[in-house]
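Pasting a structure below so you can have a look.
Residue numbering begins at 1 within each chain, and the chains themselves are lettered A, B and C in the order written.
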Amino acid sequence: MAESDKRKTAKRNEARSARWENFARGLYRFRSNRLSMIGLLMLIFILLVAIFAPIIAPYPEDAAGKTRVMARLQPPSEDFVFGTDKIGRDIFSRVVMGTGLALQVGTVIILLATSIGVTIGAVSGYAGGWVDDILMRITDIFLTVPALVLAIAISAALGKGIINAMIGISLVWWPGFARLTRSLVLSLREEPFVEAAYGIGAGHMRIIFRHILPNAVSPIIIKMTTDFGFAVLTAAALGFIGLGAQPPTPEWGAMINDGRRYFPDEWWIATFPGLAIWLMVFSWNLIGDGLRDVLDPRARR
Amino acid sequence: MNLRFYLLRRIALIVPTLIGLSILTFSIARLVPGDPVGLAAGPQATEEIKEALRREFGLDQPLPAQYINYMAGLFRGDWGQSLYTRRDVLPDLRTFWPATLELTTIAVIIATLLGVPAGVISAMYRNRLPDHVARILSLFFVSFPAFWLAMIFQTWFGRDLGMFPINKRLPVLVAPPPTTTGLFLVDSLIQLDFETFMVSLRHIFIPSLVLSFSAFASITRITRASMVEALEKDFVRMERAIGIPYRIIIFKYVLRNAFIATITVISLNFGWLMAGAILIETIFDWPGLGLYAVHASLSLDFQPIMGIAFLYGVVFSLINILTDMVYGILDPRIRYG
Amino acid sequence: MSKRMLVIGLLLGLLLIPSVTSLAQDDILLYGGNQDIENIDPATGENYSINAALRSLYDALYIYRGSDTIPHLVDSYEVNDDATVWTFHLKDNAVFHDGSSVNADAVVYSFNRILAISGPPSWRWATIADENTAAAVDEFTVQFTLTQPYAPFIGTLPQLFVVNPAIVEANLGDDMGQSYLKENAAGSGPFTQGRWEIGNLYEFIAVDDYWAGWTGDDHLDGFVWVIQRDASTQLNSLLAGETHIADTVAASDKEKIVGSEDYVWEEHGGFFTNTLKMNNTGEYTSDINLRKAVAHAMNYEAMVEAQDVKITILPGPTPANFVGYVDGLDYPKYDLDKAREYLAMTPWPDGGITLDYVYVTDFPREEIPGLILLEGLAQLNIELNMIPMLWPDMTASCGSQETGPDIINIYTLPPFLDPDAHLYNQYHSGQWGSFNSCSFYQNDRVNELLDTARVIGDAAERAALYTEAQEIIAAEQPSVWMYTEDSSISINNCVKGFVYSPMYPITVLFQDLWMEGC
């Protein structure tokens, strides 16, 4: 017993160090990819803005409901760098204060979608047979309708609000992760180390979570990164339609909708939140693109 | 197996998926909190009127029975009635759908015309400047919120430069061509009415251009990847070795091979763009499914919502089949099995 | 490759050539309308755009021109002393579009159909009429025997559009012809339907030999109601000559209209009244002191500044320019100290409660007051939960006390010029269930006063009753009285014959317009 334990540990260490080596190599490749580094820097900048928002924003109270009607619809100036909106709120402060919200929304959607998708995909791929059939049929049904349409329908049914919008989007976002995880699990299931674990009597859950999934992490992470930007875009779209955050929440999509009526004469109301969304999505896309090269070298040669 | 049999099988396979989809849309519709009947009956309706309406819409029956009614209706062509406008859903979809289809089709064509050459150039100049430029550009444009870009383009090209119409499918005083397909571009050609054709082309150009951006990146990427793969195939190396000009190799052998993977992505994009159209249409007053869908979802008008989701499901499945057929034409080696 | 590029280049070039838009030779007026015309059934449709269509396709017994209620299908009338029996003699030359005569039977048929369907327009008559009310005395004489006296009856008749019974009967279906009439007119009006593109545009074609004749020097050959939901689109289209009238241009763009000799900016004070209805039976808002606190936490001056339209603060329940206005009522001003005093008298002296504020989705004029109130209430430690809704959902929520929101932003337009039109539907508890009475206000004395005033003919006596009622209402603060709104409409100078009417402030009477040199 002791012998086999030792062997197991050794094997695990070996696997771990191999994984680490891969990671280090990847990191090097990632760092040498200038575009992705720019993306990462942009993201760090966004994170800093989100963390220090109340300090950066000159009028943080404008995000909560302060109005300033005497200064409404002011063009960008020294006092209001991005101008003011229909009720005199500082656009710059609201964009800055909305950064954290956008990050949260993306994170929640991606984490929820990943956990649902990975679980379903892993179970489906590992179990095979009728379980696989049923789960994949369900996944297919979700994939039959474009995500945005279904997200609109579900969020509408749940009721307006940012939380419901996030739930709605997550509920249509998981099938991609399920499909991916399933294909990864299918190929990993036949690997010797999985069979070995099975041979020494490891439980199914243990095999899935300790042996298979850790080896499937990289593609899942790539997908999480590339999807992050689009999740933010989708949430902004729901906000734009009016299904997302409700006033006075400084949600970027809703702010664009707000400014639409005043466009183009008071162009600043809609323009700056739009650029903020773009910056966030662009940074994630750059990072995702770089990660894809790193972790899946076949994709880019 | 021959093509006809394959097609029948594929179409037969859609059925379970669509049944699943109908269950899904039905469940979503029943998630709706509150009392849709109260809304339909109007503010002054008495309890009896509401009860009558509930009977009329079949809402007084148990859920499984309601579902079976709904399914039966789908087959009979009775997709329910909007609670809000009191119009039947299916004729409404028929009215609005061609506008969205036309917009999406042109967008996909533009995305292909932009994306495939960009991908080809990327692959030909792999890891050199044109490759990087194409890559950055595609990521650059796909990162914009489409509805925001739509506003900007509408103002630049429509209002400031006056190059394109601001909104709608046709000027108010130009009567739409007699309806054959509902696609103005096609209908006007059928009538040999080139003036209307050009006018509606000018109207559709900016909205579909904006819409196409969200597909641009993935088409470029897949074209590039499959081109690179094809370029490294042995027969290509050989042909280069025996001195066939590079350009000819690219267009005659490589592109054709690469296009197969690209077709999949383009067809997937068709579905995504159809959804994206919902956002674009509101900006350009484009009388398609988008405005209809947004309005229905804001008012919890569940019959149109279900109808739209179902329509998208059917169309998406059909596009998938079509894609497989195109595969077969492009690559005779693929067997339908 | 280069050949292909050339072809693509040529195609793109073709796109850029501005094509010659075939401008109409006829006098077709193009109208940029903010709202869709979802329904043209006189029994179920009623809002500003639907009414504009109904006035064009149908004829009613009376018609509003300016501030006057003018007989239209009616030649003369008699009424008995207690205002219960109204007899109207119809003009005998009115004909439907199919040539048949607009007679007493058609009027009776139309009236009963409205009552039976009991759609939105029916509230005018629901409490004073039943299926036996209307009767044809002879071919051109119709008599209404009301179930209770009602002095302002004539004021309701411009909404009684007469349908052609033969056409309705031929398309009855199982819903009294609603499916058919929703999109097909069966009228006698100055226009008939042309292109009818749902959700896009609606064309109306003039009836050349319109039975009533045309009032202006000339008349339109037709008009097109083009749905343009965006104010900026409306402005752009008007300035580009693509439309002749824009009904919703932002006040901030006024200079662009006024600055040009080619356009007129018609701006008029009206009775378009905005109030925040508080649910007087709600968990919190049933407390009169809380209602007073809310009313004092509203920064009215800020609202004047912030609204995109010119507004006049309401001095109590009735606008100052409307019949029945009572001068000198004590109405709240923005005063946070006073608001705190009132709040101290409630069970929630330190706030800590959340109130819902319901308003129309995507309608800044209702969102802005909410944001201003939100700021004021925050200082009382009361949270305001902003809930945008679509209009039909809002009316539905007003259906019962349980679903009535804490605070709801409602625009009302008195349908005729009488205090009854303004007060009865908002403050009589018999009217609960309609959006007008979403404050669920009940005061027996007020009910009695409003009921009595309805049936009295003597003007001075009525005025006294209405004054007393308003004093009680003002003291109980069922709603926050906000403002009346000036309405504006932008018109190309080549359009002639526009006369402002406070009864349809956002639109025009198409049959009175004509065009010169457009």
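Worth pointing out:
To be clear about the criterion, a contact is a pair of C-beta atoms (placed from the backbone, for glycine too) under 8 Å apart; a residue touches a chain by one contact, two chains touch by 3 or more.
The shown structure was predicted, so the numbers you read here are calculated from the model rather than taken from an experiment.
Chain closest to the overall centre, judged by the mean of its C-alpha atoms against the mean of all protein C-alpha atoms: B. Of the two chain pairs examined here, B-C and A-C, the one linked by more C-beta pairs in contact is B-C.
Taking the mean of the C-alpha atoms as each chain's centre, subunit A and subunit B sit 24 Å apart. Subunit B and subunit C have CA centres that are 39 Å apart.
The mean-CA centres of subunit A and subunit C are about 46 angstrom from one another, to the nearest whole unit. Taken residue by residue, subunit A touches two or more other chains at 242, 260, 263-264, whereas all remaining positions touch fewer.
Residues of subunit C in contact with two or more other chains: 230, 361.
Of all residues in subunit B, those touching 2 or more other chains are 159, 298, 300, listed in ascending order.
Within the complex formed with subunit C, the residues of subunit B that make contact are 35, 38-39, 42-45, 49, 84-87, 92, 95-96, 113, 158-159, 163-164, 166-168, 171-176, 195, 198-199, 201-202, 205, 247, 285, 287, 291-292, 295, 298-300.
Only residues 16-18, 20-21, 24-25, 28-29, 31-33, 126, 132, 135-136, 139-140, 142-149, 151-152, 155, 159-160, 217, 225, 228, 232, 271-272, 274-276, 278-279, 282-283, 293-294, 297-298, 300, 302, 305-306, 308-309, 312-313, 316-317 of subunit B touch subunit A when the two sit together in their complex. Residues of subunit C touching subunit B in their complex: 1, 8, 14-17, 19, 21-24, 28, 30, 38-39, 118-120, 122-123, 126, 178-179, 182, 195, 197-201, 224, 226-230, 233, 236-237, 242-243, 361, 390, 392-393, 395-396, 398-399, 403, 433-435. Residue ranges of subunit C in contact with subunit A, taken from their complex: 230-232, 250, 252-253, 302-303, 305-306, 308, 361-362, 364, 367-368, 370-372, 374-375, 378, 386-388.
Those residues of subunit A that touch subunit B in the complex are listed here as 35, 137-138, 140-142, 144-150, 152-159, 229, 233, 236-237, 240-243, 253, 256, 260, 263-264, 267, 270-271, 274, 277-278, 281-282, 285-286, 289, 299-301.
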